[in-house]
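Dropping the structures in below, format is structure tokens.
Each of the next two complexes has chain A plus one more chain, namely chain B in the first and chain C in the second.
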Partner chain A sequence: MSIIDAIKSKAVRSPWLYRINAGSCNGCDVELATTALIPRYDVERLGCKYCGSPKHADIVLITGPVTSMVKDKVLRVYEEIPDPKVTVAVGVCPISGGVFRGSYSVPIMLDDIIPVDVNVPGCPPRPQAILEGVAMALDIWKTRI
Partner chain B sequence: MLDMLSHSFHLLIFPGGLFALLLGLLLKGFDRKICARLQRRVGPPILQPFYDIIKLSQKETIIPDTANKAIFKFAPVFGFMGMMVAAMLIPVPGVWNGATGLGDMLMLLYLLPIPAIAFMLAGSASSSPYGAIGTSREMVLMFAYEIPLLVVLLTVAIKAGGADGSEFSLAQVVAYQHANGSFGFNLSMIPAFIAFLCFIPGTMGAVPFDLPEAEPELLEGPLLEYSGPLLAMFNLMSALKMVVVMGLGVALFFPGTIPGGALANLAWFIFKCFMLMLVSVTIVRSATGRLRTDQTFKFYLKYPSVLAYVSLGLTLLLK
Partner chain C sequence: MVLSIFKVLWNNLKQGPSTDPFPFGETFTPARLRGKVTVDPESCVGCGVCATVCAGNAIKHVEREDGSGKDFYVWHNTCTFCGLCQHYCPTDAIRLTNNWSTAHRNEDKYKMKEHEFIAYARCSECSQPMPHMPHAMLDHIYGTPTEELENIYSLCPECRRQKAAQQFGAQIHD
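And then the complex of A and B:
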């Protein structure tokens, strides 16, 4: 491995997180905020940081069933995230619709519109589960950069 | 010819260019680590800013359709080059005494706002409403912190001029302090030093005064639309700015040297930059919340400006 490759491989240590709320009830968002932002489970030690702009993001965390109103907006924001990127679906809603399953406003699942890499089930998931999901996303991110 | 060679060396290797980039990124890493430790977190590795730069340089660049593409791409390069030139003018006491004929405080006064101007260009070229708000706030902030900086530089110039006139060359200011004692330990200069300490977080965009970026409300304002290598350029610019501002503080107030040759003095300079950053940026930002725009403006007009004027008056009286 040349020096250039060794330097390039360090890029995996700087994954920046971005949250998309796709019609979530906010339960998972609160868990995300308290998981990553409180000192106890500090994700900054992994080099992560929350960024406000999709253009800075590497790992995107999506919560909520994709409602018909928010579908186009989710797609648009997702397109704005520069490659390479990893998608994590947080909560049971993006997987199956959760408590909103069968609703007239939840016609599609997240899988139908966006390639999802990691699913973190739970309603809402425990902080440890979310951290494990982020850690798995980091492993996938290593193979993409 | 020789002059040109030495200027390019100072611009690209030391004290500007490579040295300033490495030092600036290292300072930023320490800043993040210590801030995390003060908040009882583990914090990122100290080399985290390097990893961020490496990562960003490998990402895709997305330019918005509605942006002015030429200015959008030009702004980070402009800010970066401005700071490269500014870093070249910073004297490292005991190692390099500043460019003769170039190291002028007035020139630094013109070069220091370049990152702010680059932010304004970036914010207005990106055609994002957040960028527009960030631009206007950056402008207000710049007008606020330039006043104390100007008065502080004037005070130092008059003090270093001795009995007659004033001295604007940084190399001469450092030489004067080597002969007559550092200004940081001089009673009449302490208000000016405090004013300079207040100026640092404003110009660095650190938390009580991070109006233009304001992550929770403006989502980093002018930087919102930037991605990949162009964002990395902005990060490098702010790392260089860290070295320029801290180096200027060291040159103006604490340019003392220690025995033990150039290498020891280099380490001493880095240590002083680090301590200055710790006092003015890291501790302040980990303990405070953001002020509103009007509060910031009033703060800068009320306290640092008045302190700087007090120092100016004392210096003129005691002359």
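And then the complex of A and C:
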């Protein structure tokens, strides 16, 4: 076991982030870009980096109130992310529907279709809150390897 | 032109990195940042204007069946930090703190709420439950309190009307 544990501790290095916009208003996406691109917040200190392909991702950040038009597409992209993966819901919309709850085009919440691990509520959340959520997701990801 | 870049470089060397140390250290929080909502059950009158203006329907008032008061719920996972409740609250009972730390595990999703019990006052004549009015609010409505006013503060609207009618009737007879 100790060898496996040693390998596990070596394997935990840099989880890559992937962003899914599930009908978001773009507010949370701007905050996600802020967390990554502005030197003040700099999510790359945690070893995280945004990647363009779901096949390279470890932590998936989902924004927006999974609308009925985008639901199947979200599921299709989510299936392409290899295990182990950690899901983070960013903003109030994927968590509860937010201000769109009860709308004809928002019939479900995100955790009805996808197992969500961390929630970061806010409209939009502060970059520090997103960093806190990503740090939480990192801890979960380490236990899954 | 060429020298200005050296000035920038020198300033950057002097200041050090501008990266915020969070999550490894402390971060800055502006004092007026709009974050998690708190409710003060002492000064709340239960008027429900916060639930009416709430953009995301995050605030709920539920009457207790025994008439002892109402339950006040604020769901942080629906709150958009817009601050309308704070703006419209007549007694400043509901406030937005600058606590931005909202990230949580999905297991705790339904624990992310603020729950307060708003107790009703009892009428001193007929012991009917009625909304509890803080003294500061009554002073704001009626002006400087006199002894006569102090007597009707503890009455329900029905008893207050009757008492006012009796006083008026007594005046006519005189």
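Criterion: the second predicted complex is superposed on the first by the 138 of 145 C-alpha atoms of A that agree within 3 Å, B and C clash if a C-alpha of one lies under 4 Å from a C-alpha of the other, contacts with A are read in each partner's own complex, and residues count from 1 in each chain.
By our rule, contacts are C-beta pairs under 8 Å (C-beta built on N, C-alpha and C of every residue); 3 or more make two chains touch, one makes a residue touch a chain.
Since we're looking at a predicted model, the values are computed, not measured.
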| item | value |
| --- | --- |
| Room on chain A for both chain B and chain C (clash or fit) | fit |
| Contact breadth on chain A, by residue count: chain C or chain B | C |
| Contacts of A:69 with chain B and chain C, given as first, second, both or neither | neither |
| Touched partner set for A:96, first chain B, second chain C, both or neither | second |
| First, second, both or neither for A:42, with chain B first and chain C second | both |
| First (chain B), second (chain C), both or neither touched by A:82 | first |
| Computed vertex angle (chain A) for partners chain B and chain C, CA, steps of 10° | 140 |
| Partner chain in contact with A:30 - chain B first, chain C second, else both or neither | neither |
| Smallest distance from any CA atom of chain C to any CA atom of chain B, in Å, after fitting | 6 |
| Overlapping contact positions on chain A, where the chain C interface meets the chain B interface | 39, 42, 45-46 |
| In the complex, chain A residues that touch chain C | 39-42, 45-46, 89, 92, 95-99, 101-102, 111, 115-123, 125-126, 128-133, 135-136, 140 |
| Touching residues on chain A, where the partner in the complex is chain B | 7-8, 10-15, 39, 42, 44-47, 51-53, 55-56, 58, 80, 82-84, 145 |
| Chain A partner contacts - residues on chain B that touch it in the complex | 32, 36, 39-45, 48, 50-52, 54-56, 58-62, 215-216, 218-220, 223-228, 231 |
| Sites on chain C touched by chain A in the complex | 17-20, 22-24, 27, 33, 55-57, 75-82, 100-106, 109, 112 |
